[in-house]
Amino acid sequence: MTKESFNLDADKGIMATKRVFGEHSLMIGRFQPLHNGHMEVIRKCAAESENLTIGIGSAQLSHEVDNPFTAGERYLMINEVLKAERISNYCIVPIEDINRYSLWVAQVESLSPPFSIVYSNNPLTRRLFSEAGYELRDSPLYNREMYSGTVVRKKILEGEEWRKLVPKKVAEIIDSIDGVRRVRDISGGD
Amino acid sequence: MTKESFNLDADKGIMATKRVFGEHSLMIGRFQPLHNGHMEVIRKCAAESENLTIGIGSAQLSHEVDNPFTAGERYLMINEVLKAERISNYCIVPIEDINRYSLWVAQVESLSPPFSIVYSNNPLTRRLFSEAGYELRDSPLYNREMYSGTVVRKKILEGEEWRKLVPKKVAEIIDSIDGVRRVRDISGGD
Amino acid sequence: MTKESFNLDADKGIMATKRVFGEHSLMIGRFQPLHNGHMEVIRKCAAESENLTIGIGSAQLSHEVDNPFTAGERYLMINEVLKAERISNYCIVPIEDINRYSLWVAQVESLSPPFSIVYSNNPLTRRLFSEAGYELRDSPLYNREMYSGTVVRKKILEGEEWRKLVPKKVAEIIDSIDGVRRVRDISGGD
Amino acid sequence: MTKESFNLDADKGIMATKRVFGEHSLMIGRFQPLHNGHMEVIRKCAAESENLTIGIGSAQLSHEVDNPFTAGERYLMINEVLKAERISNYCIVPIEDINRYSLWVAQVESLSPPFSIVYSNNPLTRRLFSEAGYELRDSPLYNREMYSGTVVRKKILEGEEWRKLVPKKVAEIIDSIDGVRRVRDISGGD
Amino acid sequence: MTKESFNLDADKGIMATKRVFGEHSLMIGRFQPLHNGHMEVIRKCAAESENLTIGIGSAQLSHEVDNPFTAGERYLMINEVLKAERISNYCIVPIEDINRYSLWVAQVESLSPPFSIVYSNNPLTRRLFSEAGYELRDSPLYNREMYSGTVVRKKILEGEEWRKLVPKKVAEIIDSIDGVRRVRDISGGD
Amino acid sequence: MTKESFNLDADKGIMATKRVFGEHSLMIGRFQPLHNGHMEVIRKCAAESENLTIGIGSAQLSHEVDNPFTAGERYLMINEVLKAERISNYCIVPIEDINRYSLWVAQVESLSPPFSIVYSNNPLTRRLFSEAGYELRDSPLYNREMYSGTVVRKKILEGEEWRKLVPKKVAEIIDSIDGVRRVRDISGGD
């Protein structure tokens, strides 16, 4: 993504878009499932953004030990929780993996409303968007040992208390789609 | 995987989902671009649905004569117009073509929040969702000769008056992304 | 597309199919290679089914340490052994992986003659077909320590006695396609 | 593909396979649906072959005007009719299009039991298998004006008499899967 | 894609690359086959570039009426002719279609040595690279009625004089790969 | 890849190609990055070949810990170093993985100028090309402990002296594309 000259037209385009609809920023997660740590990040990013696009990564994966929920189920989780919290300046975009990093930024760009800021602490994500010329911002911090998808899935699997780690509506959705049993079935557990 | 079916578990799941989050219905269009006819449909479907999922079909296509806009640009059009109209009970989901109809319903199911009703007048769409056990509803009618993506794209290309055929915000978005010139460039026109 | 479901038309369809051609059941394996344990399962399933469809999973894989044989070679193994055992109520269907579990049942449905019963002990397979509304049956048991593809491939690789673990015709096929040398070559062994 | 030297090992392999299991020949069709013309070809090819592999081409397509039936439905048609005619020296293999002709022969080879003869009158098919070193045989002739998939689908669509053009069991299968209505639905007809 | 800020690092990178290895420019064609019109363009572009990358478009296609030759055969044509003409400041890169224009520039970027100038008269190509910030140059003109792949293929097919329309080495390559007969076979001609 | 008869036409074709353009041989590597060990091999293979095609394997991968550089960057490395060494009888061909070994040889054949000799010490590569009828030659040996992509990447990552392990121009290219920082960023290192 090495280009020599600054494309004035494209630049004017993003300026115009911003003037009309405000600035868009982007964050991407897998949300397997959406947990309280994610929500801390989303709340802060949404608060400091005019518009926040939340990308659901690895959208094609589901029914796997590390990816039990479909993109649609994860979409519902995010949407219900944000509505409940009266956050409204967001878009949700499922994004399938493309398995060649050189095309990944272009894919995100084609699926998301035009954006100019990217929140991420992931070095690869930062590198790829940075090589493509985006402004990077550090993603807000949260307690990663307490809140992580891995921990939530493990607790669901082992019958421990997981409901406190996720927003109430997420627990309701997981229950309503028979998600506990799914997590156990796909693990080959009992 | 949500069908009102013999499968008791799945069935109970969708019942539970519905009880908790209300009934979801689905409509799919290409929105190249979103025009006033689309908006008549969306307004009516949203009014009679608890939640309406709007699928953006052929999400992978852009920069083609019949598909000039990216999925992200179309997402922005729908989102901005619905916000402006104070409609809020909707989700927007870009859906890539899968080029094998036998898998298409499963793909839509995996990307969309669980739904139980499908709005469509397209015979193939109706057939596919009907074979999969969904409740089909006729899509509301509108003046298809006046409002159609084909007509809008043709008028953009030929420099005729197209702005009256689309919501005001769509025209603003098309202008802000230099869309008129894009439509002309990809047609090889001047 | 075949499920005993609320969908009356589809339901009548599967009823009609069953009435005309008998009930079809399905089992899926990788058969790398077909061994005596597989044959115990196939014999029992074929005996209690009107028609048995045998899916060859991961059909696209070959020339790998864990998947040395092509789908066509595995097809020949199954077909020759079943003919030799005078079993005739079966279909063989190579099935490529689709790498997104949410579409996998739809893919199996599109490639296989319509079926209504699935034999499997694999929790994920059971989960996926169960979410899609199929009747699941336990797959017959056999001595999994003695008979397993992993063991057969390991014995071929290490020059131990593997011929007793597979039907005689499978050994003949492996010999005729130079299979022993292939297993060793792709392992980087001598 | 052009290669210089005759691989002695591969050659000995096919010799050995042939000695043990007899010679295999291949024919490929789309069978949308299987009609009486196809059956003339299959009967003759099966009669003059030790083993005949019948490839179902464009296996991934269904629910299209020119490809209404799934690979599994087409598999059932062929299998039921051949059983009814007491033909038994055949294999049926669904083959997905790969959309790059340079790989197509390799794909057919990987999915089919090893074969050495190809029946085809199609110039491209003949060219591709001939460049790969296969023996080509002319496919038996039949009345192509009377029997063709295009004609059968058109008659189904227009409510004309199509049942005489296909084997009795094919008509029964089409009826049992509600195929007449499917052909009409996907054509947008009534 | 529209981005707001000029990435200084990427910019310094291309500056550094240029300083060390000179400026690279890019042209893309299908070369089915390479003809004298292509050569006029290549000669001029190579003369005015420090380094010229020649992309072979639709690299995955071959054995089709409009795309008879493989990417490898087209690579050989270009390489042999340029060597014969003592042009040496070029790279040849086969580029497969990606069927989503929004990713196409990123794919070309990932396969080609870093470049900063694009030669093209094709409005879509110009649009896509221009949206990505590249410097576009008009491709040199030649007599498009006399020299075109379509004309050359038609003359080959119909047995007319085509050898004068292509460089001598291209004719030799086409002869050596039995190309005339291939063009006819895949057209269903005699 | 089991075929019975030696295709005389194809054989004559390769003979004719050879007579006109000389014999082509093939070697394939990932070149992540090109190091001095690779160069020993290339020098020897190029010296004993009329024409050497250098395939860049896993061309689609980049920005991964084990595959940091794009195919285009690797192409530039090879091309610049060979020009500097005044080697000129080579072609460079990026080759994407196809993830099914049964098609891999056909893919290499379709992308590369026609070749008849393959250099490789990799047992799987040797097996696949040997099953397809190619002449295999041992790849020249070099000090694999000192020169390996793994070692070079590790030294780049850990800030040790890596420049002596690669040709001077490779170090310059890595510097000019900010490659050291990329290797560290994608490793999540500092």
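When the chains are written out, they are named A, B, C, D, E and F in that same order, and each has its own residue count from 1.
The criterion applied here is as follows: contacts are C-beta pairs under 8 Å (C-beta built on N, C-alpha and C of every residue); 3 or more make two chains touch, one makes a residue touch a chain.
Quick caveat, the model's predicted, so the values are computed rather than measured.
Visitor: Using direct touches as single steps, what is the fewest number of steps from chain B over to chain F?
Guide: Contact-graph shortest path, chain B to chain F, evaluates to 2.
Visitor: Please work out which of D-F and B-D is bridged by more C-beta pairs in contact, and write that pair.
Guide: D-F
Visitor: What chain is the most remote from chain E, judged by the mean position of CA atoms in each chain?
Guide: Ranked by distance of C-alpha centres from chain E, the top chain is C.
Visitor: Starting from the mean Cα coordinates of chain A and chain B, work out the distance between those two points in Å.
Guide: Spacing between the chain centres: roughly 22 Å.
Visitor: Distance-wise, how many Å sit between the C-alpha centres of chain C and chain E, to the nearest whole number?
Guide: Here chain C and chain E have centroids separated by 46 Å.
Visitor: With chain centres taken as the means of their Cα atoms, state the distance from chain A to chain C in Å.
Guide: 38
Visitor: At least two other chains touched by the same residue of chain A: list those residues.
Guide: Chain A, residues with two or more chain partners: 2, 9-10, 13, 17, 60, 62, 70, 100, 102, 109-110, 114, 131.
Visitor: Chain touch graph shape: choose line, ring, star, complete or other and state it.
Guide: Looks like something else, not a line, ring, star or complete graph.
Visitor: With touch defined as at the top, which chains are paired up in contact here?
Guide: Listed in label order, the chain pairs in contact are A-B, A-C, A-E, A-F, B-C, B-D, B-E, C-D, C-F, D-E, D-F, E-F.
Visitor: Enumerate the contact residues on chain C facing chain F in the complex.
Guide: Contacts found on chain C: 60-64, 70, 177, 182, 185-189.
Visitor: Where on chain D is chain E touching in the complex?
Guide: Contact set of chain D toward chain E: 2, 99-102, 123-124, 126-128.
Visitor: Considering the complex alone, what residue numbers of chain C touch chain D?
Guide: Listed in rising order, the residues are 1, 9-10, 12-13, 16-17, 19-21, 59-60, 62, 70-73, 75-76, 79-80, 88, 91-94, 96, 109-114, 172-173, 175-178.
Visitor: Of all residues in chain F, which touch chain D in the complex?
Guide: Residues of chain F touching chain D: 1-7, 9-11, 13-15, 17, 98, 100, 102-103, 105-107, 109-110, 114, 116, 130-135.
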